[in-house]
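Residue numbering begins at 1 within each chain, and the chains themselves are lettered A, B, C and D in the order written.
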Amino acid sequence: MTVRIGVIGTGMIGRDHTRRIQQVLSGARVVALSDYDPAAARAVQAGLVPEAQVFERSEDLVASDQVDAVLVCSTGATHEPYVLAAIAAGKPVFCEKPLATTAAGADRIVRAEVDFGKRLVQVGFMRRYDAGYRMLKQVVDTEIGAPLMVHAAHRNQSVPESYATPMAIHDTLIHEIDVLRWLLDDDYVSAQVVFPRRTRHSHAGLADPQLVLLETKKGVRIDVEIFVNCRYGYDIQCQIVGEEGLANLPEPMAITLRKDARLQNALLVDWKERFIDSYDVELADFIAAAARGTAVGPSSWDGYVAAITSDACVEAQESGKIVPISLPKRPALYDQG
Amino acid sequence: MTVRIGVIGTGMIGRDHTRRIQQVLSGARVVALSDYDPAAARAVQAGLVPEAQVFERSEDLVASDQVDAVLVCSTGATHEPYVLAAIAAGKPVFCEKPLATTAAGADRIVRAEVDFGKRLVQVGFMRRYDAGYRMLKQVVDTEIGAPLMVHAAHRNQSVPESYATPMAIHDTLIHEIDVLRWLLDDDYVSAQVVFPRRTRHSHAGLADPQLVLLETKKGVRIDVEIFVNCRYGYDIQCQIVGEEGLANLPEPMAITLRKDARLQNALLVDWKERFIDSYDVELADFIAAAARGTAVGPSSWDGYVAAITSDACVEAQESGKIVPISLPKRPALYDQG
Amino acid sequence: MTVRIGVIGTGMIGRDHTRRIQQVLSGARVVALSDYDPAAARAVQAGLVPEAQVFERSEDLVASDQVDAVLVCSTGATHEPYVLAAIAAGKPVFCEKPLATTAAGADRIVRAEVDFGKRLVQVGFMRRYDAGYRMLKQVVDTEIGAPLMVHAAHRNQSVPESYATPMAIHDTLIHEIDVLRWLLDDDYVSAQVVFPRRTRHSHAGLADPQLVLLETKKGVRIDVEIFVNCRYGYDIQCQIVGEEGLANLPEPMAITLRKDARLQNALLVDWKERFIDSYDVELADFIAAAARGTAVGPSSWDGYVAAITSDACVEAQESGKIVPISLPKRPALYDQG
Amino acid sequence: MTVRIGVIGTGMIGRDHTRRIQQVLSGARVVALSDYDPAAARAVQAGLVPEAQVFERSEDLVASDQVDAVLVCSTGATHEPYVLAAIAAGKPVFCEKPLATTAAGADRIVRAEVDFGKRLVQVGFMRRYDAGYRMLKQVVDTEIGAPLMVHAAHRNQSVPESYATPMAIHDTLIHEIDVLRWLLDDDYVSAQVVFPRRTRHSHAGLADPQLVLLETKKGVRIDVEIFVNCRYGYDIQCQIVGEEGLANLPEPMAITLRKDARLQNALLVDWKERFIDSYDVELADFIAAAARGTAVGPSSWDGYVAAITSDACVEAQESGKIVPISLPKRPALYDQG
């Protein structure tokens, strides 16, 4: 079957997912679009999917019997109601991060899905679909023994003035929070944040860099450097130290060039390039599961845990203390990873 | 539009392309299958495309008005007649290498396509679609000045007893012959082959390794090591030395592991893994062009030049001499790369 | 002039320095030996320096008018009195680490040297003489802007049962404490230690690994992983993150080997190999300065600061708290690095 | 004993060796100097060895009973007579390359040394003392099985106008000729030279780059790229392909820097830095053997073979043909490497 998809939110990411479904991936087509600004939805329709229907109200898109599954790509504050509507309609829904803007909101989604009794929600934590992280997970699972420590870094060339200190958690660390849980098959029990000397390339509202220290149930100690005005490039590092060995996330593939007295590789500067292939893979996963009426991959439970952990990290930013993190019991629905 | 594709030859590669079109790529579906052994075609039909029609005769598949474009994945000796039939029918055709088993056969295809007046043929030289070679081409075109030398290697862990000395050219070097012409935008003028000490891991009918020396019109000197019982892995190396710098083909992405007193990366051992992504890209290119009634990428001219060059290399294997290579004038149809 | 050296302590390191002075380096010769066990001193005499005099009492060696400069290679508890004796005699003295077993003892040496009015003491912090660290210092000083963070690791394959938790500071971290101060031209203001999950390869008296977090006056945040049963090799890592870029300590030179489906480099397993060349360089530095009647390189002040910092780290191990570190004012004698 | 050394030729290399013996190495001192320009010798005397005697005639330096061993660092054409004089005097002699300017001259030295009956000559092929090549030799001897091929490159940033085509052999390839024989424990049987497209950065008298193809007795095929206006740096590459695996000469140690959107290492640009440490090691080897009245390391036989091979390579440059190389039987004196 071909999965008929409705896309809510036709900004950069919604438009890109539409293109992906129409022009790259097998098994689905976009049949419906909606946006806060209907003209934006119509522009995407005209450019990519003339045969799709534009809905004035996203609620109507979710409810339409022409729509088998939903992509939520709208602004963060609207994710919760649209996801809840999709669950109410029994339709698989792919939701860009964050699942909700509060842990309470994410919890409401978890409860609704548990009540429905089947997984319907996939959260857009695309790193789990990155070829490098997948290689790393396989090595962590088979080669290095029990993980003991993780040394990670998340670096951007620069960020705009609007990026303030807590966004280092909500917009940046959120990816490490999810992907490290997945890599380690573990959960967090405490968070601490320390602030190194501030780079002169930062601005008034942003303490940059930051060093986040996480502790897991199994005792793994994680340090994540967040440095979003690092100047030199977009760089994601992850090193897992295990009882029997140590593994590093691969560098993105690059040409080794000998020129100008340098042995050199180009580094990425644009974050959009780093995980571009993983967007294809996560949506293919969504389409394949939606064709079976369900969802796989990062779940609403994962979105909820990320929200709780993020809140603790922000508290740790503010207090300078070691902040405990406690989670409710995981519903059985989410036991299969 | 959705391109309706007929697949001739349902062995390993034909089956894999069928899966690719049905399950991975957008824009096409397989509607027809044929094979020398119709039971093989029916097995693929049953497993992957129940709705496809199985033809007893491949000629009928080519002629069917249900088929917009053809994939030729049958045994090498049958490529020429099926490609000629597709050209006669005015249908885009993707032909796995070799385009024909003789240069004369490839020439007949070129003439037919030129007479038709539009490109219809894409040859399955997938390396041009590999992300690493594409990065390398960009660097060669922009960073290192005029190319002067190429140092390349093509290594397999081992080959079966059936692999004899000339197959190092026809089955192995053929890929370097094509991809280096494309990287350099150049053609060959001579070939020489020297035989190093034979590895004890070779067998009676195979001189392994071999070193092929090629010279191009622009004066670039190329050395290609072919070593098909190298034991350690499947390894494709390519280094371009230019007037201003030097660029290397990237290694396949791998986890760096510290374990057992070794800093180590796994190397590929299976050739099928090395270019697996490029099969997706080359077929997507074929589908997109076929939707416009034409073909792009490696052309029948490229297949013809590869055949002429291969013949010269085999002659150089046998004679120990430097064998000149001369090409007829390239028809204008192929001027756009 | 040829510097006439007396060596106190003829165990492994004393014997090795004797060989170095006699057989490798220019500008000095060993003229006197002493050891707690005079037979040991006589054995070194017989094997390496027949013309040297063996002293029963090390104090007599220091006082001898045949001796221009002294090497203290005896057991740690004896360092302080021998160094003080050398200062009293106005003779340059090279002292293996630790300078003294307590901060108070190191302070006494500092005061004696300040009273003497000229540098006479070099402490055996050999990493400052390692080619890799020297390259790193140059890059830190010129290429990466203000340092903001350091990520370091100190890993041994394994340690004996006698190695208990505090030794991770006194025997292991002590090197990072000194070399990072030197790299950053900075001092420490606080220390924290966290304990990850313990490796199953550790033993009862040792929490392994440990993560030490240091903060400097300039606000640099340092994390040092100490993992002394890491199994895979002896591995020293150091990454400096600056405002304009990031630099890594080089890996020791190794052959890249392709074999057995691995791209692999041998890692060191024996710590003695890692800095073996730097012993030559530090002693050459000592000899050159001793010929001028003074000392250069790591000073007694550096030894004193290392002792204070170590004490704070051990307190942090025990308390789990962030322990402040405060230093007295540095005497002007030590202002020139 | 301290070996008393006389240095003939006080240009750059003679002066540097004098400094090395006086200030770095143990076991020797320079007691005599001579130069075509006695003022040059007196300048080195004044700056480095006031106590040394300056001889007007180098023959007198060789004959002086104050001189135990001789370093020949004068211009190439004078090497043969000074080495012969040292042999006649029974004194160990270190001779910078070339041993003689003709194969016949080198042969005369071999015959004189054989007649003397003991090795006295060490030729300045310093690469055998480079840490990287030594690591490579160990791996070649133990890890990769029988060598089958060598891919090597010798690249300089640029050369002056005085550097003409044959100097690519006599001044540049000469090092690969010696070090590859040593690595492989083999001799050459033929040479061929091909000329790629000439770089625009070359000049009228120099065909640059060149590709030299050598064949050994054991059947190993060697390709050496010589590219002396490569622009990007001084770069020595060597890859040995064996029956069981493949090994590469290490890159010189360098800091990995992330800056300006590049992952980058500085490359060497000055050839003098590349093997600077190996000069120390080769002279230490000379001094140690000279103290025993003999010589070790690269022998006059090695210098003679290098001369014969160079001559064949120059003939191959001129003729474009494959030139056979044949050697007389090696005298037993040189059987021990």
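One rule holds in what follows: a residue touches a chain if its C-beta (ideal position, glycine included) is under 8 Å from a C-beta of that chain, and two chains touch if they have at least 3 such contacts.
Remember, predicted model here, so these are calculated numbers, not experimental data.
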So which one's got more C-beta contacts, A-D or A-B? A-B
Centroid-based (C-alpha) most distant chain relative to subunit D: A
So the centre of each chain is just the mean of its C-alpha atoms; given that, what is the distance between subunit A and subunit C in Å? 45
Can you work out the whole-Å distance between the CA centroids of subunit A and subunit B? 38
Chain-centre distance (mean CA atoms) for subunit A and subunit D, in whole Å, is 59
Flagged in subunit B as touching 2+ other chains are 231-232, 244-246, 254, 258-260
Any idea which subunit A residues touch subunit D in the complex? 157, 231-233, 235, 251, 254, 258-267, 269
Across the complex, what residues on subunit A touch subunit B? 21-27, 131-132, 135-136, 139, 143-144, 244-250, 252-260, 284
In their complex, what parts of subunit A are in touch with subunit C? 145-146, 148-149, 151, 194-201, 209, 211, 213, 215, 218-221, 223, 225, 227, 230-232, 241, 243-246
